[in-house]
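In what follows, a structure is listed as structure tokens, so that the remarks can point back to it.
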């Protein structure tokens, strides 16, 4: 598909963005939990045109063995883009960008997982970007956190993530692909909501220290909103499971 | 060497092929057993302009260890083309085609090897295409089977292989390079003769189901003919060995 | 940086070379021992415009384990060029040339290391060419030998190395980059001085047997001269250490 | 090198149960030996691809994206565009998939799917040439396996066909030195509809569309790819054992029938 | 895949000592929490490079060489030259560095240094174009880590900046079909001076410029890169824990101050 | 990284027997220390190659194929064709050879053979240019080791020389934009005939043409490559020990003599 052209303006005279959002507005988010059969836990997120699958395997035997740690589980993480997820086909071999993001996503989730309960094992976390639209690392963290919960991995809290950016001199929440490309800064943040700990923080572009402070505040609020959606998605899933179990029990009673 | 040009016709008015063969005729086949010094077993085949060496090492200690199986020997197989074996020089790194053929050749021989006699070991099978002329996977299986016998690996039977193809709308046995390239279908087959089991079957091109049935019949007959040649080649080798041993014994008596 | 042009003459009418040296004269050599903090031993050499670091780690646990030897230490060696060390940027991936030189450098030092004292361990030797100017393998050996001594690895002797070449039909000591490139032969030599054993010998170009004999003689003499500089550099280092220790002892006494 | 694979440790007892059932003409999911699992097909999910399709075959899930880009032809076929099928056995799909370069299993899968498309001449590669010998369109078919519950070949082949039929591309032309897109979008020229039908031999029974549990107890595997005219365009035998001539003939006959059924399902969705 | 790293086995007791000291506001090398170790900068050591610089940050030693060569632009930025930062964690620098392709640590380090240079627009990539879409100058920044005693990011960023400022290049132009050098040498157009400032969190204390021993006991790491105008141009959090909003704000404030100090040191040497 | 190799476990007693015999001036195959094993040479076995040769040196077997194709020159030598020597230690030749990228042993072997050909100017690379800086002939010398019973260097060098002398190529010329073959086939311009002579030091004895068993007990190895004029064009010392100056001088003298003998054998067959 030919790459979309640069829009003339990123913010219109009413203060709305190219997709009609306000500056402080998230893109529509759709979350689903437990959608894969083989994985121990899984989740799916759509955020704008991002379409991302996350899956968890483990705790399982560490492989290769020498990576095992005596006092905790090792977390392995892979952020990976499908070849068709971006405008220009991406080679399936991992790029340097994907290797860096695998690391920072892992480090954004390490603080909440009770790894000390599973020494010498490993927990594998796969984030597959089926379609990418700006902010995929944050959406990936949001989904990965749900996949960990779905796998029953004990966690202190659910991590939520969201980016804030700067376009045409103004701070704007949750940049889309075009806004990221033609904007002036991008600040992806992951938050452990209750303990108010920032576990992902990257930035590129140009922000004054005061813009950074305001932007960080916006990101934290957005993470809290996303956290609520995550809890809803989990509740819905458990509710469904409960219903299935009850149905089954009923039918068993009948049988 | 510049690639040969496309021939005008693949079958002449007498029904003969570009190399003068009838449609149901094999190319000349030359087989030699036990021609390498270091390998535990080896064989050499010429079929048309194919020149192929096969060698076997093992049963030996599995390497890397984690591939070992507790109840049987692992068979490893590599089909590999010399850089000078084809018209355009081939890079020595294994191509996807070579990786696939390594797998199907292994699977064509697995059923006859008594792997259960050598648990936790591995048997290595190397098929080196020194010159390629169509049908190299089949000729490779024919040679590999002899190399296994030469290595003294216990087998239920000797596997023989041959392809049938379609050229100018007619089924033809044992396609050469040009016939394969400009023909309409290729159907390589490996046969375990006495138990009448097909252990290699691939096809590309276009065959009606009834053409397939007739072609499969031709291939099976050809495999049986090749099987007789294989037995001759082994007999000749054992005969030679017997003679050498007898000579030696004689000379020792004299000494 | 653009590559320097070919000089019109490599030897002027006075018999001097493009850098003003006589045919039997070494380039200026600077040696420093023990300049890295983390390595167990290290040394730095400048010879002409060569700038080379050598470092030693070990004896330490063999890794990967299967390379360990039951009756001696394994020596591992890597000769590696920095991307900016040559005129055209060099990819950081090891070239075939670097792999060959890693082997011959290792083999030039193996004979003097008392590897039998440290069975099942490994000794790692890293030679990093920060800037290359002809004769870098020999300068690398000279530095590596010092790094081994600095690491306290027991050795029979210190190895010294130097090349002899042929330019405009005449034998010349210690070729520079341009002389190597436009000259007619290069003969790198490493010497174990007291036992008069040649442990590195390579040659490319064209030498008559009698030129070879004379050239080898020149190289051996040059190695002996370099060996004296190596001993000086080690003495200086130990002297400094002694002074530091004495100062410390004094200050401790004072304290 | 190819080596005898290690199967995942399924309890012996469980394996025996599955084999015993099949010997008695039954399957653990209660299908008949000649039935496919339910097939669900969706197209157009990935807007950034030229074409895309998702196939659910029972619990197996495959996503295929088709990208068409400008590139160079192979030196020996200057008058043909390039078609390339790549398979990723994404590690989230199975505990047995590892990240890294394509495994032997992924390569075989890609090549069997590729042969079906190529040999049936589903894509007219001659029509992909922009400038002979210099510039052609390259069709990337990327098969992404998301959940592996057996018979990846048939699901991948169906998803690939659906994604190709779904694809919209610009016509490219040469203006001076540069390749530019003509206005408008067109379908890719898809001229044939190959459908792969895979069989597993368990004990003496031939099953169609094996599930993962069945694949773990099968002795041999056979894929027959049938084109829209009912001709065979590709075959592939896999596994540690083999087939008799009679078994092969029977399988081919059944493949013709099953392919027609599945082709109708794919085209109903993909042609929309 | 990225996985939880194995830290080198430092004696527990020693670790505890270091953490205890830091909790009491002290550091083992007697610096204040907000002080850098001594910084030494040298430029021009590598004559075969266009620019070079060596930075000693305490016992950490970094050598950077800049090479400028003619190459091709990326297809999506035909009107920009190419800037590429590569890091080699040379195995002679640390017992924990292994020969081989760049590790995750090397890649992160390279990308953080790269972002500082790129996002601050230190190099005007437009000015590197020789022939639009065809020929551009490629600026290779090769970071060579020679001794690793902690805080490689700040030392690498300073050395890279110094090497860029130090670089002398020929202007290239197109003569007919060939790229040729105009006579004379010029400085690279360096328009901004990004300086990275890295913090470590140990227990509840935030330290600037962590040494290797401090890195081994830190729970999280933060790098803030500040440009010549006092704006932030890059940030990167690392490590197994996180920061509070207050900690981040404080770090940014301190970074602005430290960056100004270190920038002055770099430019004093590099601009000669 | 290069590391001290693990030798295959040969029984100590057997090793001692071999060394003892050699110390007494004898060899296990009853040759004199200065004798080669029987040498058999055949050319032209591979019709698809431009040139080919097989050399049996005792039980060592080497097959070399030469392919000549059109390609591009290296940027720094626009007026020279390309010569490249590649060695495959094919795993069927020895239990110690593994499939995979070229080992250190294969690389050293290729580079020693390459240096002999290159430094003796056996191939006039200037004559391989079709269009300066753009199109040249590339000569691939692919050495295929089929049975390894020692002294692969000498056998590979002889087979490479024989295959080059055997090679028939078309003259290529530029017609407009395309490279086309002129009618007819010509020999490659081979101007020199380098022959490698390899020595092994066992205890205090220098042996010519070591067999595999002798290589396993040698302390050092020396190859001297001699051109048609009796000059040395390449040398390579290998192994864990070294040589005295006197030993080297003696080896060079012997190499001149042995090279002349072997050159005659190669040319008798290869020039046919």
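A, B, C, D, E and F label the chains in the order they appear, each numbered from 1.
Going forward, a residue touches a chain if its C-beta (ideal position, glycine included) is under 8 Å from a C-beta of that chain, and two chains touch if they have at least 3 such contacts.
Note that the structure is predicted; figures quoted are calculated from it, not measured.
**Student:** Please state, in steps, how far chain E lies from chain A along the shortest route of touching chains.
**Tutor:** Minimum number of steps from chain A to chain E: 1.
**Student:** Which chains make contact with chain B and with chain C at once?
**Tutor:** F
**Student:** Using the touch definition from the top, list the chains contacting both chain C and chain F.
**Tutor:** Touches both chain C and chain F: nothing.
**Student:** Tell me, please, which chain's centre (mean of its C-alpha atoms) is farthest from the centre of chain D?
**Tutor:** Looking at centroid distances, C is the chain farthest away.
**Student:** If you average the Cα atoms per chain, which one ends up farthest from chain F?
**Tutor:** A
**Student:** Mind checking the centre-to-centre distance between chain A and chain F? Centres are C-alpha means, answer in whole Å.
**Tutor:** Taking the mean C-alpha position of each chain, the two centres sit 58 Å apart.
**Student:** For chain C and chain E, what's the span in angstrom between their mean Cα positions?
**Tutor:** 31
**Student:** Based only on mean CA positions, could you tell me how far chain B sits from chain D in angstrom?
**Tutor:** 28
**Student:** Can you check how far apart chain D and chain E are, centre to centre, with Cα atoms defining each centre and the answer in Å?
**Tutor:** Chain centres of chain D and chain E, defined by C-alpha means, are spaced 47 Å apart.
**Student:** Please set out, as single numbers or ranges, the residues of chain F touching at least two other chains.
**Tutor:** As it turns out, chain F has residues touching two or more other chains at 1, 99.
**Student:** Among the residues of chain C, which are close enough to touch at least two other chains?
**Tutor:** Expected reply: 78, 88, 124.
**Student:** Are the chains arranged, by touching, as a line, ring, star, complete graph, or other?
**Tutor:** Chain contacts: single closed ring, each chain with exactly two partners.
**Student:** Under that contact definition the chains make a ring. Starting at chain B and heading to chain D next, list them in order.
**Tutor:** Listed around the ring from chain B, going to chain D first: B, D, A, E, C, F.
**Student:** How about chain C: which of its residues touch chain F in the complex?
**Tutor:** That would be residues 3, 67, 69, 72, 74-78, 88, 96-97, 99-100, 102-108, 110-111, 115, 122, 124, 187, 192, 196-209, 212-213, 216-217, 220 of chain C.
**Student:** Which part of chain E faces chain A closely enough to touch in the complex?
**Tutor:** Residue list for chain E touching chain A: 1-4, 6, 75-76, 102, 104, 107-108, 110-111, 115, 118-120, 222, 227, 230-245, 248-249, 252-253, 256.
**Student:** Under the definition above, what is the set of chain F residues touching chain B in their complex?
**Tutor:** Interface residues on the chain F side: 45-50, 52, 59, 61, 63, 65-67, 69, 86, 88, 90-95, 99, 101, 140, 142, 144, 146-149, 170, 181.
**Student:** Name, in rising order, each residue of chain A that touches chain D in their complex.
**Tutor:** That would be residues 1-2, 36-39, 42, 49, 51, 53-55, 57, 60, 78, 80, 82-89, 92-94, 124, 126, 128, 130-132 of chain A.
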